[in-house]
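Next come two complexes, and both contain subunit A; in the first it sits with subunit B, in the second with subunit C.
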Partner chain A sequence: MDRLLIIGELKAIVSPYTEERSKLEELSEDTDFLKDLKINSANLVDIVLDIEEKFGIEVDNDSMAKMLTVRATVEVVAQKLSGDAGQ
Partner chain B sequence: MLGNDLIDLQLAQVQSDWKRKGYLSKLFNDDEQRAIALAQDPGLLVWMMWSMKEAAYKVHNRNSGIRLYEPLAYSCMLEMNGVSTAQGAVMKGNESFPCRSSVYQGMLHTVALGRGAVYGEVKTVHMKNQQDYRQAFSSQSGLVLAKCPKGLPMVYDPASGRTGPASVSHHGRGLCVVYLQGNEYR
Partner chain C sequence: MVVLSAGQILERLPYGEAFRFVDEILEISQDGIGGCYTYDSALFFYDGHFRDFPVTPAAILTETMAQIGLVCLGIYLMGGKVPPGKASVAMTSSSLDFLKPVYPGEKVFVTGTKNYFRFNKLSCKVQMHDAGGELIAKGTISGMLISRTDESGK
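After this line comes the complex of A and B, so read on.
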């Protein structure tokens, strides 16, 4: 899946968990979930669960550890999707 | 060094569904999940252990500069004192962070300590959540809340010239500043 498509899906996924609407509109790979979108850290796990459901992937703990920015999250999703496709 | 975490239990109830499938197993190890299942008030224990992990993470992050979302790398051991306070420790690898938690006006607050810090030196200032909390903190305590050269919060006492490490946490209705009284970083 194209990175831009993944970012588009991510934007929809994180939307209910942030009140920073202008930061959400400008969401890019550089966006930080906690620093920019002020997402509650207890909701990061909801985002991980939503990502698992949306993309049909399983996010292991080591991958989850990195998922604090859009860039890192896109990398995890892209890698899991390509891994699945290769099986 | 010290770290704190504040959870407005009323808001947590709205913001997070800890009963969601898969939720607890991403945050808590088997022992912790068992303790939650057996607890009189499972929701309170969920947020208590979560705030312990968050407070310990703050200490670890400040000491190491490492920023990772890895709640399962932190394990909680705690003992409840009555229904609304607890003490214990969070382990992260070989490190151990002593923790104390209490519920105050519907707000759950945890303080975790780094090496060398003791609870006798911890000062806690509860405030309502507000934009200009630095000013409110100054008028309440007579101290200045500033940032150290590394960008971490610290308090400065204009009267004595002393400084000490601080930690700020806010959620929902509340904001809490904790700091160590002393004249050096720990």
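After this line comes the complex of A and C, so read on.
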């Protein structure tokens, strides 16, 4: 899946968990979930669970620990998706 | 995996006597928990909530459901991974309906059913019933399980 498509999906998933609307509007690979979108660790768990459901992937503890920015999250999702596609 | 007994879980609760709202754990498994608590009429908040008309505050009912449904179950799920006295839970969200008042001296029964436990976040469906089996409150409570050894290890 294209990175831009993944980012678009991420923006929709993250939306209910942040009050930082302007930061969300300009969401890019550089966006930091904690610093920019002020998302706490509990909501970050819910976001990861939503990502699992949306993309049909399973996120392990090590990957979860990395998923603090949009860039890192896109990388994890893209990697899991290509892993699955390659069977 | 170390399986904790009900007694071991109660010993590991982080609360002082004044703010512990669990008397007994009646059943526990990986999927859920049942426990009970009796609100002693001498409890501190009845003096002011309300003046001349003591009713258990919804905040205290919430705390009771969280301590049994979330914290006790959380300590059980963390098993032996956390040393006694170091397990704690930060409540991160609650969505509850309160259907019936609870008066001084009443005994309540709380059940907690695990929605999910991932990345140290525990989300539970909770219910509180009175001694007659009538529903007092219900909803969902979530929290992050914390081991206080993390902090001291910094």
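For the reader, a short list of remarks on this structure follows.
Everything below uses one rule, namely that the second predicted complex is superposed on the first by the 87 of 87 C-alpha atoms of A that agree within 3 Å, B and C clash if a C-alpha of one lies under 4 Å from a C-alpha of the other, contacts with A are read in each partner's own complex, and residues count from 1 in each chain.
The rule is short, and it goes like this: a residue touches a chain if its C-beta (ideal position, glycine included) is under 8 Å from a C-beta of that chain, and two chains touch if they have at least 3 such contacts.
Computed from a predicted structure; not experimentally measured.
Applying the stated contact rule after C-alpha superposition, one finds that A:5 touches neither subunit B nor subunit C. Within the superposed three-chain model, A:41 lies in touch with subunit B and with subunit C [touch as defined at top]. Between subunit B and subunit C, it is B that contacts the larger number of residues in subunit A.
Applying the stated contact rule after C-alpha superposition, one finds that A:66 touches subunit B and leaves subunit C untouched. Note: residues 40-43, 45-46, 48-49, 61, 64 of subunit A belong to the subunit B contact set and to the subunit C contact set alike, using the contact criterion stated above.
Residues of subunit B that touch subunit A in their complex: 7, 12, 15-16, 20-23, 26-27, 50, 54, 67-73, 171.
Chain contact summary for the complex, subunit C toward subunit A: residues 90, 92-93, 116, 118-121, 142-144. On the subunit A side of its complex with subunit B, the touching residues are 40-46, 48-49, 52, 61, 64-68. Against subunit C, in their complex, subunit A makes its touches with residues 40-43, 45-46, 48-49, 61, 64.
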